[in-house]
Amino acid sequence: MIRRVLIANRGEIALRIIQACREMNIETIAVFSDADARAPHVLAADRAVAIGPAPAIQSYLSIPTLISAARAERADAVHPGYGFLSESAAFARACEQAGVVFVGPPSEVISRMGSKIEARQLMQSAGVPIVPGHVPHDQSDSGVRRALEEIGFPALVKASAGGGGKGMRVVEGIAEATGAVQAARREAVASFGDGTLYVERLLDRPRHVEVQVFADAFGHTTHLFERECSAQRRHQKVLEESPSPALTPALRQRMTQAAVAAARAAEYRNAGTIEFLVEGRGDGANFYFLEMNTRLQVEHAVTEAVVGVDLVRAQLLVASGEPLPWEEGSLAQRGHAIEARVYAEDPSREFLPQAGRLLLYREPRMPGVRVDAGVAEGHEVTVHYDPMLAKVIAVGETRDAAISRLAAALRAYPVLGIRTNIPYLLAVLDHSRFRSGDIDTSFLDREAGDLVHSVPEPPAFLREALRQLGDEADEPRTTTHEANTDPWLTLRDWRA
Amino acid sequence: MIRRVLIANRGEIALRIIQACREMNIETIAVFSDADARAPHVLAADRAVAIGPAPAIQSYLSIPTLISAARAERADAVHPGYGFLSESAAFARACEQAGVVFVGPPSEVISRMGSKIEARQLMQSAGVPIVPGHVPHDQSDSGVRRALEEIGFPALVKASAGGGGKGMRVVEGIAEATGAVQAARREAVASFGDGTLYVERLLDRPRHVEVQVFADAFGHTTHLFERECSAQRRHQKVLEESPSPALTPALRQRMTQAAVAAARAAEYRNAGTIEFLVEGRGDGANFYFLEMNTRLQVEHAVTEAVVGVDLVRAQLLVASGEPLPWEEGSLAQRGHAIEARVYAEDPSREFLPQAGRLLLYREPRMPGVRVDAGVAEGHEVTVHYDPMLAKVIAVGETRDAAISRLAAALRAYPVLGIRTNIPYLLAVLDHSRFRSGDIDTSFLDREAGDLVHSVPEPPAFLREALRQLGDEADEPRTTTHEANTDPWLTLRDWRA
Amino acid sequence: MTSAVRTTRIGAGTYLVEHDGRNETVYVAGPASDRWVFWNGQVFRGDFRPDTPLTAPAAGPKAGAHGSVTAIVAPMPARVGSVAVAIGSRVRKGDILIVLEAMKMELPIRAPGDGVVAAVHCEEGQLVQADAALMDLE
Amino acid sequence: MTSAVRTTRIGAGTYLVEHDGRNETVYVAGPASDRWVFWNGQVFRGDFRPDTPLTAPAAGPKAGAHGSVTAIVAPMPARVGSVAVAIGSRVRKGDILIVLEAMKMELPIRAPGDGVVAAVHCEEGQLVQADAALMDLE
């Protein structure tokens, strides 16, 4: 059994892992950059090691530094969390070579699933649906047009060499096919010096639904049902929930089986997520493999709430060589859980990320609400790292109850000193389309982009209360609550 | 649907009810005694009404005052919480007469189940087992001895008129029967002027296991499984959990069916609890009706965690005339939950209740842990009310995981300024008998009474750290955090 | 009709506001000239003292007008990702002038109005503090 | 072997104590002469300053000895439920002298040693404050 884990991460996920370790009697070693010397994860761990300057590239992303730290502290395992090096095959390999358990899949699995082309081929061979598309053999106008017809409209034609939308054209029907193919080829040549074109089905308002999978070294691969993550703003997940309001039992059955097949094909180990795009509604909806995340997800807490499991604990058990801790067929969804990501960003100013000091920060505390956060009152939110301050997860007997509870929690979550997306989250939770559950991945960008376009006026009673406050200051806050950049009152050392 | 609830309670349970109401868009009216003018439940409610001086008998127990408050505030319902007037048939009747919904069973059900004799007869007629016992017709020495033999040894013989152990004798076997009967009769005559004797089976190390029941007005009566509450100190519950480590599936089946039969026989409505004593182990164990609690229990959160329900929400729905919110047969236990009651008492001084100011009070915050509390840092814990400060509920995939999590939470729960039973709770959680689950109602009094008999010495590093602190004071605490008895900074009124 | 508002401090930065028989909890931080206020999920910011006209928080990138010159300043500490225009460039309102990078995201800084780039005070890769002058528009 | 203890304030009443490569969080409240300290689920109380001999917290009901007279005082605010002995009664160590009632519970006050009741300062039903003199033993 693992006895001593180095946590190669920071913030809320580092705290989450420390908590799981503590309950399993595993010693924890935190790492910290200069900007994080007194961050909550450092204070919570049993031991802590400095790993370099604030920029992540010199600290949390530095493989040699992390490996040396793990060796110096005699860690027998490294947990990468999410983000940073969690999907780095090189880091996993370095751990393997250093004789330290990497809490995740083997490095070759990470690199296999990290390659879009290899992953796509693997899925295809395992019978997992992928978005139909290919490079037509006949690259003439008529050849590409025929390929588009075979795939069906609407379709996409794009530069095979490219990415990021350059040389990409949406083709609604056969009439506009030749023109689109020629324009795409021109742009492809101009941008990449290569006019080869790729054709692909254009999915109609797809939903993002992912399946949590888990595998041990004894041949057991299981799924822990789905998470619905269609509420995205510019490809950034904002709200995640389970069960998905869009999945019928039959569709759920097909998707979870495909996810298990995908994980088996990848020879997967530990916790992972198969992301799908879902097109259409009801039993007959189609789903397509998007990618696999070979790590713990930000939104894992949604699954923990609905399925009643502890995914981090299971990760540590499986990494220790234990079998999956769940009986075959014993897992089920119960009730509904929904998570909101609280970001330091200003929804009234094009979601500009915010940095600064948390003048006041109080977390909501109520039954059925879990807050995973990595910040505290008086702390500085810096520009160096991800702007996510916290996740708020609400669970309820029904989707409506869970949403009401999440809204109640957000309405009792004061964060002052920097703007957050809390008012935006409340507006989305109140949106009739969101309430009905009928959204797709473009919903937030298309319909909910301007939900918080102006700063509201305080109501009359509040204006009066603030007038009464006058010049009253309530400032001992930053001295009684600590600031991680304040001068530290360090008492004398003592040697014996 | 109920729109406006007056909460005839204080502390953590008032906050719990306010939270449920908020999520259901029900307005809340708190009541408060002079000692509670700025208590957390007052601040959290939408409105608040003063109901009298600190002693409960003049405030939280004053039926006329509460009824006037409900009328003045145009409340359409009253939630009594637990304790105080929650099992007062007179209060329920006063609500009924005032045309205000009492969130609980009808007053006649409360009075029926509140009478031990009536409840016992009702259970007997419903086929629910009760502890065997009766007043022998033949009160001669030999008649009572015969009755004891019929009941089986060990048995109890006691004054029929009495209570509280006076005139009670344990009879281990037939040899000592005559002497015990004569001694008991002498004491009965001396104490009560009535020598009539009652004989009863003496249960061998019974466990306390209770079943949560719920009934609506449409003839649905269901159970929500059991709670194991054998960890009691002087009849005060200390730790509660579900599932019970002692129940086999067959025994659980028999007990939950008996509980539903009991609730049906009582013509029960809303949430209630059937308490049983369980004797023996395994499928063949015997269980006996102890009493019915016609209200929400302190430990309801254990059931909420394991069964995945919101009992207060269900109470409000059923009180509004809605059916039970659960599908027939859809309820099941999942994982394990355990609750610790944190009391203001000094385990090293015979559990002397403590009153005073909470100089420092920080609640643990971790996944899978719920803290329901009614106090805050800087507040005064007074002598007027129950010494329970908070409940900490931990949920885990297994009993061991839940216990480890609860211990981790208690080890991160600093309460300074008054002593609490936290060190005692930790010692009990660490006790091998408790860990094995093999305890009965006398376990804590018999074996765990002296777990915290002395105050521990600080370890060397801590002693040194405190030496370094020297005279440093960190006292702005009581000014930045409020004290409910401090002079209040009240700003000028404003009239428009 | 008479209505009263009563404001009572109940903790660090925490106030109970009683009005029309209702209790509201309000959180306040920052100096009187720049209050941050939280109530019911909404955040308000400004100077709410009796004699101060209400100030709406600035919207969009801060642009300080000096005579006919508008200073484009960094809204937050960031790295300059790219400078899209040069001295003398004509720009239209909404055109991207500079792309800053912070917290793994790109922040396009757009022209607050039509004009000509009079000066560029930053270069690609440079780290800039909040309110640092990036560019002048005329 | 060398070992260092480093104590850093990290918040109101909250200290990080680093020792032997480990981090511990310790909570401290109260004046230096009567510290309340929490670490890892345990509470310590006393005067921990360098030159002060360690004081063990008083155990049992506080009894202040004045010459040969021992004052029996109330350990907390309470209601006097019953007085079990009268002036002149001989009592043995552990005998119940008074039963106080607070927080719905009974608190028996026991004799700290053998003696004779010299004075009774309270009566049944009376409300007493913490440290109020209840009785004198000789």
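Labels A, B, C and D are assigned to the chains in the order they are written; within every chain, residues are numbered from 1.
Simple rule for what comes next: contacts are C-beta pairs under 8 Å (C-beta built on N, C-alpha and C of every residue); 3 or more make two chains touch, one makes a residue touch a chain.
None of these values were measured; they are calculated from a predicted model.
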Note: of the two pairs A-D and B-D, more contacts are counted for B-D
When centres are defined as mean Cα positions, the distance from chain A to chain D in whole Å is 52
Note: chain B sits from chain A at a C-alpha centroid distance in Å of 41
The distance between the C-alpha centres of chain C and chain D, rounded to whole Å, is 55
For the pair chain B and chain D, the C-alpha centroid-to-centroid distance in angstrom is 29
Flagged in chain D as touching 2+ other chains are 5, 7, 9, 12
In chain A, the residues touching two or more other chains are 464, 467-469, 474, 476-477, 480, 491, 494, 496
Among line, ring, star, complete and other, the chain touch graph is other
Checked against the stated definition, the touching pairs are A-B, A-C, A-D, B-C, B-D
Residue set of chain B touching chain C in the complex reads 38, 42-48, 376, 378, 480-482, 488-491, 493-496
Listed in rising order, the residues of chain A that touch chain B in the complex are 16, 19, 22-24, 301, 304, 308-310, 313, 325, 334-335, 363, 365-368, 370-372, 396-397, 401, 404-405, 408, 464, 467-469, 474, 476-477, 479-480, 491-492, 494, 496
In the complex, chain A touches chain C at residues 344, 348-349, 352-356, 359-360, 362, 382-387, 407, 410-417, 419-420, 422-423, 426, 455-458, 461-477, 480
Counting only contacts in the complex, chain C reaches chain A at residues 5, 7, 9, 12-13, 15, 17, 19-20, 24, 26-32, 35-45, 48-50, 56-57, 59-60, 75-78, 102-105, 107, 130
Given the complex, residues on chain D that touch chain A span 2-12, 14, 16, 21-23, 25
